[in-house]
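Note that chain A is present in both complexes that follow, paired respectively with chain B and with chain C.
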Partner chain A sequence: MIVAALVALPFVPLVLWTFAGEWRFPDLLPAEWSLRGIRYLLDPGNGVLGATLISLLVGVSVALASVAVGLPAGMALGGYEWRFKGIVIFFILLPILVPPLASTMGIHLTFIRLGLTDTVLGVFLVHLVPTVPYTAIIMTSIFVERTGELEEVARTLGAGPWQTFLHVTLPAAAPGVAVAGLFAFLISWGQYILTLLIGGGNVVSLPMLLFSAASGNDPVITSALALAFAVPAILALVIALRYLKPLETDRGRGFLGLGKVS
Partner chain B sequence: MGSRLKIALLLAPALVVIGVLFAGGLVAALVQSLGYFPAIGMTQVNLAAYREILTDGDFLNSLLLTVYVAGASTGISTVLAVLAALTLRRSSGRLSAVVFQLPITVPHLVAAVGISLVVSQTGLGARLAAGLGLIGEPKDFPALLYDRYSIGIILTYVWKETPFVALVVLASLRGVAADLEDVARTLGAGAWQRFWYVVFPVISPGIVAASLIVFAFTFGAFEVPYLLGKTYPTILPVTAYNEYRDIDLSARPIAMAINILIAALTAVFAAAYLRFARDLGRG
Partner chain C sequence: MSAGLELRNLTHRYTQGSSAALSQLSVEVNPQELVAFLGPSGCGKTTALRIIAGLLRPTSGDVLVDGVSVLAVPPEKRGAAMVFQNPLLFPHMSVAANIGFGLRMRNVRRDQIERRIATALRQVRMEGFEDRRPDELSGGQQQRVALARALVTEPRLLLLDEPLSALDASLRDEMRELVREVQKQGGYTTVFVTHDQEEAVVLADRIALLFDGKLQMYDEPQAFYDRPASRRIAEFFGATNFIRGRVRNGAAETRLGRLNIAGVAPSGDVTLTIRPEAVRLEEGENSFPARITRVTYLGTRISCRLDANGLNLRVAVPPDARVHEGKKVTARLPTESLWALRD
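Here is the complex of A and B:
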């Protein structure tokens, strides 16, 4: 109970402020309630809907691309034994602990030259840096557990390599693909500084609005934006707990940085 | 198709993404940190930027602050996580899964805003203190944001990272530790003896691995200190970003040198972590 209360604590003022009309110090609860925060979110003039669409567009494309990149990498890392595998794993996992901000500042100049700054494409590209390590490692954990017996059966029955991949490997890896995609989406959704650096203020995603509101002085707007920004995380959690139960083995949980979204 | 070729082809997309966008970016940062910046007419390769930051008190203050914030956040999260895991290990897995996953999936910015509305001088905490008659005005409440001790930042990290460490510890507690503990109990070991000689040795590698991740992450993270930190000194990633945005372009090699130092230090943590994780896998 105490743990649940502590976890919920930061959401208490967020919810109260979102619906607060007048809330003076030292009242514990707002004296008046209002829907100003919600109206602000929905008013097209404030750009919240547009920013949400940008965040969704980037997040979904990043999720698709990083799964497409991470899936084959996971097959190679999880399904086969080969030399120098440790070094390759280290290299692919590095952006989880070495902040992508450092590399993104370094590549900024090149992006300017290539015309990638201030574009959604540029933002999409740098979001791949923190997401691909996660999709690769999640897919690796899936393929470590698969022995390849089903594939062998399919091949014996005359299926070609593509048929085998499409009809045997992919369906078996589907829960892992879903988790990896969800993770990649949430990581991309939560990015602030990479988007700011490469988007240069021209790619306005939801965290851009939240950050400028949080630096200002209107807790109602800030809280409403913060709650809107938290919605996918909460939804994802509900979905994951509902449909992806089999994947939550104790051993896989939280290991190798899994379960860590920044 | 040979299996070596197949493996290489399977790995190629990931290696290209990480190799170009991440490693390429770090190499570019390294080159620029050495003062090679043809775009602004700097073509002399030298170590001036490194010499400057390493002899500069500002950098040292930033470094100390960063180590302090990362160390305190990691230490507090780890202790709380072990306590929470030990308390919750007998309860249902489903509840703790929901409760623990929430802070992990919620973005840092949301956590930072929520925590700041709890601990600010007009926040929930201050209102509660006023209600209890402990303080009269908002300014009587201790300043926990933009403050010397970075309390707001540390609290946000503790809220975000404790569940992550707790899940790792819970996983190892529910595995071998539970069985071994039953054996120890049968053999007559007391509660403290069971914890110190049986449970702790089993869960400690997981604890070390998880705290390494938390330390490296909080060492290199930007958003929370940028929002809740004071203007001087700033933690290293924020210092690098401020130098980078300096109108004076000659500050850029300094920004890049700070980036390279951050990258080098966190890479060491990553290597240490992988060593641990591999040993864990074997044990």
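Here is the complex of A and C:
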């Protein structure tokens, strides 16, 4: 309960400001209420819906692509022993070790040459830079714990390598895949700098709108945008935690092995 | 349907240059026979099983099924279903889906799958559990489902890797009988890996005993008690009576005097062994004076420890025998029960 209250507390002024008409110091609550913030969000002229769609589109694609890359990487890193593994892990982690601004400068030049700047595709690609390392690491931790015995059983029962992957490995890894995908989505959803640098102001995602509003002088609009920005992310997290419940009870382990959540 | 199996000079090293986990193992298993690979942990028995299943490639040697080498055949095509120490049921599938797994992978027709699942469940006495989830079953029930899952594929070879060792004692006896019954009924050629000599004796038609990756002896269970090939084998099967001596003119000079031995033993040093229940407390050939130092009542028999000229011997006598500690007796080692060990 206390945790829930602590999490919810910062949202209270956000919600109040969103619906505030007039709110002067030192009043505890707004003197007047209004739906100006909500109207702003829904007005097509302000581009909030469009930005949300862009953010969703990029976020979901990034999540899917990161999982598609991270799953085989995690299988290779977690499931098998081979030479130079340490070096490969280092290279996979490099994008989150190097400051993104530094690497994105180089990426920017390359993308200009490839004509990928100012495009949604370019933004999608550059979002993969910070997300793939995380998904690969999460997947690795899943496959380290797996012994491969379930797969061996499947093989002796007559399943080929692909059938085994499809019917045994993938379902067993599903909760981890969901977590990794969610992380990738959230990282992409909250991305500002990379979107700004590669999108060049032409690709307008929710954080872009939020930043420009925050540097403006209208707390109602800023709060409304912040809510629009936070709610989908929180929803995604809640859904994912629900989905992960079986993992918790089956193996007696909590969320990502960090202990019980909630 | 069930096949003959032959292992030919099977050798395996897990890493290059390391000592062999398995060394020159050659074993033939007849169709419908149940052979136990027996040995302490690390003796190579599981390595051998994994090679038969195709999960491991041997460093050298060959595996033949019905006379044909299967080394190049991937595990899913070998028809060698394996049951592991842990049930390893697929956690996201119901009991019925688990059992039907192998059939679905082979694209067997749906109605046929259902019929065969029902038969398999009956075989392992788990009717009515079709829709349960693996985590709703006890360990013993899970292992039965694992067995059914292997049987339903009608394997040419049934490979069991210590399938009972994770179960508690009472359940183990019950499962032992079930395995034996199912194996006999279905006529599956079976390799059963175990470290428990009692289990091997109860279940197996023949036992292949392995120490340190090497085959020590391959014979019927009784032979391991009556004619062990070495002192180590005899000890593994619980023998405790060992009498060192030297053979001359068909008899052995020992601390107990001159003992006649059956057959022609080569001259030289020898260790004689005899089962406790074969020792007689009576006069006659090969008899000598002894003193009872310990009497332990075991219900169906009495176990005595004898001291004969400084040598300890164990004797099992019927429960109605009149024995007590300190009693002086005459003990006899019947010629036909004395077995000479090389080493």
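In this text, the second predicted complex is superposed on the first by the 235 of 262 C-alpha atoms of A that agree within 3 Å, B and C clash if a C-alpha of one lies under 4 Å from a C-alpha of the other, contacts with A are read in each partner's own complex, and residues count from 1 in each chain.
To be clear about the criterion, contacts are C-beta pairs under 8 Å (C-beta built on N, C-alpha and C of every residue); 3 or more make two chains touch, one makes a residue touch a chain.
Given the structure is predicted, the values throughout are model-derived calculations rather than measurements.
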Clash or fit, chain B versus chain C on superposed chain A: fit
Partner chain(s) touched by A:Val129 [first = chain B, second = chain C, both, neither]: first
Partner chain(s) touched by A:Leu121 [first = chain B, second = chain C, both, neither]: neither
First (chain B), second (chain C), both or neither touched by A:Ala178: neither
Chain A-centred angle between chain C and chain B, computed on Cα centres after superposition, in steps of 10 °: 100
Contacts of A:Thr156 with chain B and chain C, given as first, second, both or neither: second
Touched partner set for A:Val204, first chain B, second chain C, both or neither: neither
First, second, both or neither for A:Val88, with chain B first and chain C second: first
First, second, both or neither for A:Leu57, with chain B first and chain C second: neither
Chain C versus chain B, contacts on chain A by residue: B
Touched partner set for A:Ile38, first chain B, second chain C, both or neither: neither
Shortest CA-CA distance in Å separating chain B from chain C in the superposed model: 12
Chain B and chain C footprints on chain A, overlapping residues: 250
Chain A residues within the chain C interface of the complex: 149-150, 152-161, 163, 167-168, 171-172, 174, 250
Chain A partner contacts - residues on chain B that touch it in the complex: 3-4, 6-7, 9-15, 17-18, 21-30, 32, 39, 84, 87-88, 93-118, 122-124, 126-128, 130-131, 138, 159, 163-164, 167-168, 170-171, 174-175, 210, 213, 216-217, 220-223, 226-227, 237, 240-241, 244, 255-256, 259-260, 262-263, 266-267, 269-271, 273-274, 277-278
Chain A to chain B touching residues, read off their complex: 3-4, 6-7, 9-14, 17, 25-28, 68-70, 72-73, 75-77, 80, 82, 86, 88-107, 109-110, 125-126, 128-129, 132-133, 136, 186, 189-190, 192-193, 207, 210-211, 214-215, 219, 222-223, 226-227, 229-230, 233-234, 236-237, 240-241, 248, 250-251, 253-257, 259-262
Chain A-touching residues of chain C, taken from the complex the two chains share: 53-55, 74-82, 84, 86, 88, 90-92, 101-102, 105-106, 135, 149-150, 153, 159
